[in-house]
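After this come two complexes, each holding chain A, first together with chain B and then together with chain C.
Moving on to the complex of A and B:
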């Protein structure tokens, strides 16, 4: 947890002189979706923090697990208390790199993003396609990928095993603005 | 005899129905109504930020998932997906409190401008670079 903090702050403040190389959002969107025969479960987080260093293409993302909003209060409660144990692991983080960032432009806006996703204290390498929209006043990243619940040592009680998918679809949309 | 069997079966059915209603109610129980809830803690924006910066773990255990009320100066008012977002911050400081407002409060947030001192009640979800609060409402 401390490590990712350092990465975010290093990305933000290390090259203090080149602040225009940093793009940041505090209102990024990440959601996950679980489909099962019994029910569909979706949760949205609109308070995701993400920083891109445009020189290196490095990216650091942090989000609070308790910021995931569910339709049903009971699901949100079970999610935080029993499954991801937010009192122990309040944040999920991603630290990685946008591949060939400097080659991206309006025509060529598809690339890959690789890095380490940490949820519930468990790390997992992620490599996924990403759409990068570069404008003068912003950089928007969009994409989705699948993760296995088991990879993050999240225990789902057998009584609700049929309600929750083994594989969860994660969708993200992060609209960064220049960091001043 | 017949009558008794009927009563027993009826009793069981009644219990089952009550159980079903109770479990549906439990399954569909509503989110905390921030507008009607009493804040567990009332404090200043700067006090909350200081506590988080000094000891994030313990502060998070105390305040997260809790309805709190903070008093602070408006730094910025913006909208995100149709809902107001109020940033409470004192001039010259790095960290702020980002308050994601309830849709019901959209109109009322318009009356404020930078520098106004306001009270916001909401659910604290934790600390990234800033303290984050959701389902917030203005308190007079």
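Moving on to the complex of A and C:
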């Protein structure tokens, strides 16, 4: 009988460990930057959700387009209303995998991340370098990549075509903590 | 014994269930507690003549130039009203997202106006939804035209009038917004002694978007107790709103010549459907004076 108790506890313990295989952040950082001769436009989002499954190396990210903060309030309004149409497509998402996640060095290592980025209802395959820092209490991902505005069918009126870059640089920093 | 086996099996399976839980499902669960403010109920701070619930965000200075020409039925001699032009300049500054202070000057009756707008409530969707946006509006105007005999020179306070409004709006969907505007107007001086000093009016307005940047607006004010000594009509206006980046152009057809509340709500004399229509426009340009972060 005692043995059974032991097994049950062992199993419970095993479950406890296993729950640690997911890491989550609700305050991840994603920004994008557009450089043109007329002006530089930058927007920051500090409310990015991201979750990593350390067993499979799979990662899922999502953010509200409305949470991107611009220096100019009116620009932010137009971004949502006229460009990314946040009322129709409220979220941008990424679903993918960190390559060779289980083989990564504990402290600081570089690998690649591949997956599908969905913005404005349009999907695009992304493959980019990522800096991974694994600590006992968290996993931090850092990196940047470029995307073409045209890939996401975001219409830019000719009157402002010179103000907005064709290629946008996206920067991310996601500091995950153990989930539950 | 059986109990333990069952329990063990359950505990053994549970983590497997957890593993198979979709990462996307976790994100959905974690993001389910969001409430969002409904933005852009109207394109600008003006519906047409009057105000919309919108206020500018912190640190935005908006410069407005508005024109109302003469009546289109005034004939070719007046080039259908275009010979006569009334202009208003206005500066509005948003001290924060909710409070805007402004000053303006109209050529019509050489009137100065100042007002404060306070965004009281925001329409919200999500976990804690709320169907309405509510903004309070209060203005004072000073008429400085010398349309009196020298011996009847009015005092400063006699030249003043006031307007208070509760602007209540709802963005029904992306293309349709509605607004009601209960309004109170007070005149320190009235044309004749039997005219009311205090007036109550109810305004109705709408915006119908026809494309991402173009909308059709309409605005109507029903005056419940108008002046008795002059033949006052209710103010009615239709317009097209075109938004291009930092500019908003509004092309307006209405029966009012005044561009300030006490004027178009209480002193409109044109009969819209008899052709007493003033062609006009508002141009607004917003400048971000102070950065938002």
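In the analysis below, the second predicted complex is superposed on the first by the 160 of 180 C-alpha atoms of A that agree within 3 Å, B and C clash if a C-alpha of one lies under 4 Å from a C-alpha of the other, contacts with A are read in each partner's own complex, and residues count from 1 in each chain.
To be clear about the criterion, a contact is a pair of C-beta atoms (placed from the backbone, for glycine too) under 8 Å apart; a residue touches a chain by one contact, two chains touch by 3 or more.
Only a predicted model underlies this, so the values are computations on that prediction, with no experimental measurement involved.
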Chain B and chain C placed together on chain A: clash or fit? clash
Counting residues of chain A touched by each of chain B and chain C, the higher count belongs to C
Check whether A:22 is in contact with chain B, with chain C, with both or with neither, and answer first, second, both or neither. second
In the superposed arrangement, which partner chain does A:59 touch: chain B (first), chain C (second), both, or neither?
second
Item to complete: Could you look at A:46 and tell me whether it touches chain B, chain C, both or neither (first, second, both, neither)?
Response: first
(Q) After the superposition on A, what does A:87 contact: first (chain B), second (chain C), both or neither? (A) both
Point to revise | Which of chain B and chain C A:69 touches, first, second, both or neither | key: both
**Q.** Partner chain(s) touched by A:119 [first = chain B, second = chain C, both, neither]
**A.** neither
Stretch of chain C hitting chain B after superposition, from 2-10, 74-82, 92-100 or 200-208, is 92-100
Overlap of chain B and chain C contacts on chain A, residues 8, 26, 49, 62, 64, 66, 69, 72-74, 80, 87
Seen from chain B, its contact residues with chain A in the complex are 26-32, 60-61, 64-65, 80-81, 85, 98, 100, 125-130, 132, 134
The chain C residues in contact with chain A across the complex are 1, 4, 7-8, 11-12, 14-15, 18-19, 23-24, 26-27, 30-31, 34, 36, 39-40, 56-60, 174, 212-213, 244-246, 286, 288, 291-293
Chain C partner, complex, touching residues on chain A are 4, 7-8, 11-12, 14-15, 18-19, 21-22, 24, 26, 49-53, 55, 58-62, 64, 66, 69-74, 77-78, 80-82, 87-88, 93, 95, 157, 159-160, 179
As the complex stands, chain A meets chain B at residues 8, 26-27, 46-47, 49, 62-64, 66-67, 69, 72-74, 76, 80, 86-87, 90-91
